[in-house]
Amino acid sequence: MTIRAGVLGATGLAGQQVLVALAHHPWFTVTAVAASERSAGRSLADALREPSGNSRWFADGEADGAARELPCLTAGELLEQPLDLVFSAVSRDVAQSWEPRFAERLPVVSTASAYRYEPDVPILVPGVNDAHAEALYDQRRRRGWRGFIAPIPNCTTTGLVISLKPLQDAFGVRTVMMTSMQAVSGAGRSGGVLALDVIDNVVPHIPGEEEKVERETRKILGAWGEPAPFPVSCTCTRVNVHDGHTEAVFVGTERACDARSAQAAMENFSLDGVRGLPSAPERLLSVSTDPFRPQPRRDRDAGQGMTVTVGRLRDEPVLNGVKYVVVSHNTKLGAGKGAVLLAEWLAREGMIERAP
Amino acid sequence: MTIRAGVLGATGLAGQQVLVALAHHPWFTVTAVAASERSAGRSLADALREPSGNSRWFADGEADGAARELPCLTAGELLEQPLDLVFSAVSRDVAQSWEPRFAERLPVVSTASAYRYEPDVPILVPGVNDAHAEALYDQRRRRGWRGFIAPIPNCTTTGLVISLKPLQDAFGVRTVMMTSMQAVSGAGRSGGVLALDVIDNVVPHIPGEEEKVERETRKILGAWGEPAPFPVSCTCTRVNVHDGHTEAVFVGTERACDARSAQAAMENFSLDGVRGLPSAPERLLSVSTDPFRPQPRRDRDAGQGMTVTVGRLRDEPVLNGVKYVVVSHNTKLGAGKGAVLLAEWLAREGMIERAP
Amino acid sequence: MTIRAGVLGATGLAGQQVLVALAHHPWFTVTAVAASERSAGRSLADALREPSGNSRWFADGEADGAARELPCLTAGELLEQPLDLVFSAVSRDVAQSWEPRFAERLPVVSTASAYRYEPDVPILVPGVNDAHAEALYDQRRRRGWRGFIAPIPNCTTTGLVISLKPLQDAFGVRTVMMTSMQAVSGAGRSGGVLALDVIDNVVPHIPGEEEKVERETRKILGAWGEPAPFPVSCTCTRVNVHDGHTEAVFVGTERACDARSAQAAMENFSLDGVRGLPSAPERLLSVSTDPFRPQPRRDRDAGQGMTVTVGRLRDEPVLNGVKYVVVSHNTKLGAGKGAVLLAEWLAREGMIERAP
Amino acid sequence: MTIRAGVLGATGLAGQQVLVALAHHPWFTVTAVAASERSAGRSLADALREPSGNSRWFADGEADGAARELPCLTAGELLEQPLDLVFSAVSRDVAQSWEPRFAERLPVVSTASAYRYEPDVPILVPGVNDAHAEALYDQRRRRGWRGFIAPIPNCTTTGLVISLKPLQDAFGVRTVMMTSMQAVSGAGRSGGVLALDVIDNVVPHIPGEEEKVERETRKILGAWGEPAPFPVSCTCTRVNVHDGHTEAVFVGTERACDARSAQAAMENFSLDGVRGLPSAPERLLSVSTDPFRPQPRRDRDAGQGMTVTVGRLRDEPVLNGVKYVVVSHNTKLGAGKGAVLLAEWLAREGMIERAP
């Protein structure tokens, strides 16, 4: 008996990516979708095709045929459907008002940032901060909800925390400084990055991004309710890359750590948290010794877009630690497929289940 | 009476950039050029045109018509010409063997790295470390040369040291961490970056670059003979940009410094060193308050490619200092035109002059 | 006494390009500007700066300082100003309703397509179809206007007709087939091309573009009131280029024509029409014999963006004529600066003058 | 019993693509590889790794583990191996001298152009000109070889002829005019396209390409020994795309043809020639009705890179026929995997077999 999933924001790019990640899923079946008013009354397939014949489907990969035949509901209508789970792939503002209404009734796994910083909302990265999931019970109880809101992190945070986690476990982290070179797909299509702005160019600012990464990294890598004590300082830039965020990271550690021991820690990073989940890769974290890797174009699809690749591990003399470059797929691990992985993990933990 | 300049490596991309910087120059006249064997016996204009009709001229801008009519000499033949100055724009290996032979006779201003790390060779950036020029007298004396070798820094170092200099003067620099996003023109054409490697991509490694920047920055910003005491840690990457290096810099300072005071220091950075020189811009360093600047495509040509632009000045909590992004033109300020500016400065100081 | 020019749509990208083309203009002075409601009551400089500090100025080059201090009027307010000329740089829809209201009172030179296909509206390219300007008198009379509407062509048409004109004069044109590779700046910023769509890509369709080019080319190169009798067939694509449209053109001619004679015809193409105008280049049309030229990045700025460059002239055996590649600057010659050139030409012809 | 395949040029990019196409192949096993002298004595895996640790493997996908352990032979040594087939993936010059020496003994399937234009060498595209394969028997007999040389076409020809074939069959082709926008991977790595040349740019010339496409198209679509009677006129350009050639095609037909009937003909294009071959896609040719397709980034991987996608089918009034845009994967269908498909086809026809 599969778990019935709804998708809020199904026609947007993030929603499409969720649908791709749910195609042929062994546990979850998309049984209802919601989109903006202008799609109302049309099937998802119809809503994704302009009258002029051109497609509004922009994700790599395809949705299930059955999902494509579903009618586009309004958010309010979606709320009335018999569902076991909702994936929310809407903008911050829509998430702000609708996610709690869904969470009253059922689990919400979200790609939106609206509730990430609430004190009773954990930002879960399976395999990294699994213990924070306990907080969902508190959230549910305090808010009087049957469900909960479980957001994934910002796509830039994801690669960072997965690469930092084994260092934190092995050596303790004292300071983190990071410069990102982010792909344009992170900005989506509505309000997306203009070609005019990135051709032959770097844009040195992504509004709000640095604050998110700094805050989320400390929340995820801290004990629950207590941000990690180390400071995180970022410069986030946009480069002429389609998919795959690249981050140059400088880490100071509590205990002595060099490139070799950091590599060993990363290579031993256990998959226990996610092993066996349908969307889990063979490795969450892979280390390359080729000095020219990782590269977003060549490494973003490692592990079907779910493996984070670290390279250029070197001693970091200024901070007393290591420096490296990390690449992760911002729209797979960092968005749709990452949300599905989280839902899988929550399902295995018994926090999402088929309603009787 | 103008100063007679020779150009070694005149057909290469770096040499072409020197020739553009010398076009219509009020002080220097190119009176002889040397290129590789295959150009021997042809005029520079001829050597820059393939038999098939396509041009091998790749620099922006043009050389003087008179220079284009000069015959391409061998390096050995160039050595015999009556010259007051040679610009060396050759590869490291060629520079290694030929620059000393020229320096026996006359001043050599070089874009090559071959001698940058010799203890008696200053890496001069006019306006930044003018006092180091004294060392050229020692170099001359110790080596028994009539001339000297005066290299400019690596193009990535240039933007960094010009942005650091006012911070060093005002607050003292304690630590520097930098991630660069470098343009492909920095690699030149021979052995240049393949389109295959940077389309939709970032390459996280440029062999030798980080070592150069770390070493040169400390040499330039130190007292003569004594590298600056602060550590510099870099990650150098290549991005899909034609010209203009972008660097995300994190600086820890000796004395309290915040974004506002750093901006004031940078804006007050004096041009005394270079004011009045023909290739000097109105400002060596400019600060933008637009949070989306500097961008390489939009800011590299500031001051005809000779102004360094800083933006995104923010407090840096981890290192106790400031962080910012800096853009500089790697083939103008950072190469040909920067070499010409240095020659101008040396001429004004009386270190390059018309032979009687 | 300078001619007083208003700019409708001054804050948009096209309007900014008009303002740049009018900076320090010897004949025209911008004395009033209009923009959308949200700019009302602010100076142009203010309207071009977001509260967050980032600039909304995206054109290359700068506007006159005096123009930047002008208050942003509404279109209705602009209509009340004492002006001798209006540049209209608005969208098709806004042009549709506002250009006639301005033309009732004064000359309108427009970058918009709204009136290009009206039977009494010539699409003027100075130096190409000067005789069509007569039609403006009829337009004025028939419509009962004191002014007129004079649109420039679509930016893709411009390079095509300037390269075809000497062939038409010398050999007669029988057929034209063209494939364009267009820069993203042609789409502007509002509704502009997303980076997601052109990174590592070609988009093989630009809605409405092929129809425009086919229709405009025949209108411009025909006798007045009678489209040129030859067919024009186009495929218009978008490529990952910032500025500069590239077109591969195959031309069948009435009379025998080979690459050599076509080159001679193009090189002899007279500038009589535009010589002496402030924005006119030294040559409207230049022929390169380098087989790797023209290239948009390297040739778009020829003649300060006002020279069209043709290259790869070869015999065309299928159509009995010639084939070639042409590059023109779509936002200079093809938009703002081209509109200013047209206004200059009209002024010299006495069709725009200082009101007493 | 599998067929033993050798790969000549195994370390080059084309050779790597052949190796990927042969990975886990049901019929062919790579039992020997040859590379240039500098790889001699090393395993293929070793030869593909620089001493500095960086990989020289640039193809998408991987070679068989067993193949990677093979020693790199010289061409002469490869000649002595017990093989049933050789894939030649070397430069034109190397092919010129070595392919005949291999063909004396065994079948050679080649990506090189060296022998394509010989009168007794067919350029085979399975499913398009299968009847030309008969010529291999003549070639063998006339040259006294036990094997033969069977080259695939230039990668730009491939998409063109596959899209033209159904039109030729249904309507007859009278004229073809084509403008290509080619990916940089077509130029390989050695002598590859520099990033400097294609960033923000189009290069309007690829030496020799137009002649190849014109000649090969007529040879492939003609009767054997008699080039197709219609002229083909091309302009070949290079754009900033990694993989996937885009071609804007204008076709004049013998018999009346419009967009609708052309679409039907293309959709009915039979796969009989290649059906059931391991590397054959479900469709060799697919027609998109989305006006914004095909795009190289989004359509090159259709059918695992073996399906050609046509879109924008429109009536072509000038030539009396149709015009369209076609995208094909230049390094899969157009190179390594296309060569393997040809070898499969030849094996099924009994022209390549396991030696006893």
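So that you can tell them apart, the chains are marked A, B, C and D in the order they are listed, and the count of residues begins at 1 in each.
In this section, a residue touches a chain if its C-beta (ideal position, glycine included) is under 8 Å from a C-beta of that chain, and two chains touch if they have at least 3 such contacts.
Note that the coordinates shown come from a computational prediction; the quantities given were computed from them, not determined experimentally.
Chemist: What is the shortest path, in steps, from chain B to chain C when you may only step between chains that touch?
Modeler: When the steps are counted carefully, the minimum from chain B to chain C is 1.
Chemist: Determine, using the mean of C-alpha atoms as each chain's centre, which chain is farthest from chain D.
Modeler: B
Chemist: Distance between chain C and chain D based on Cα centroids, please, to the nearest Å.
Modeler: Each chain's C-alpha centroid was found; their separation is 42 Å.
Chemist: Measure off the straight-line distance from the CA centroid of chain A to the CA centroid of chain D, and report it in whole Å.
Modeler: The computed centroid separation for chain A versus chain D comes out at 40 Å.
Chemist: Which chain B residues touch at least two other chains?
Modeler: Residues 52, 199-200, 207, 240-242, 291-293, 297.
Chemist: Can you tell me which positions in chain B touch chain C when the two form their complex?
Modeler: These residues of chain B touch chain C: 52-55, 199-200, 242, 289-293, 297.
Chemist: Which residues of chain A touch chain C once you look at their complex with the stated criterion?
Modeler: 52, 58, 184-185, 189, 192-200, 207, 240-242
Chemist: Can you list the chain D residues touching chain C in their complex?
Modeler: 175-177, 179, 181, 199-205, 207, 231-233, 235, 237, 239-242, 246, 248, 250, 291-298, 311-312, 316-319, 323, 325
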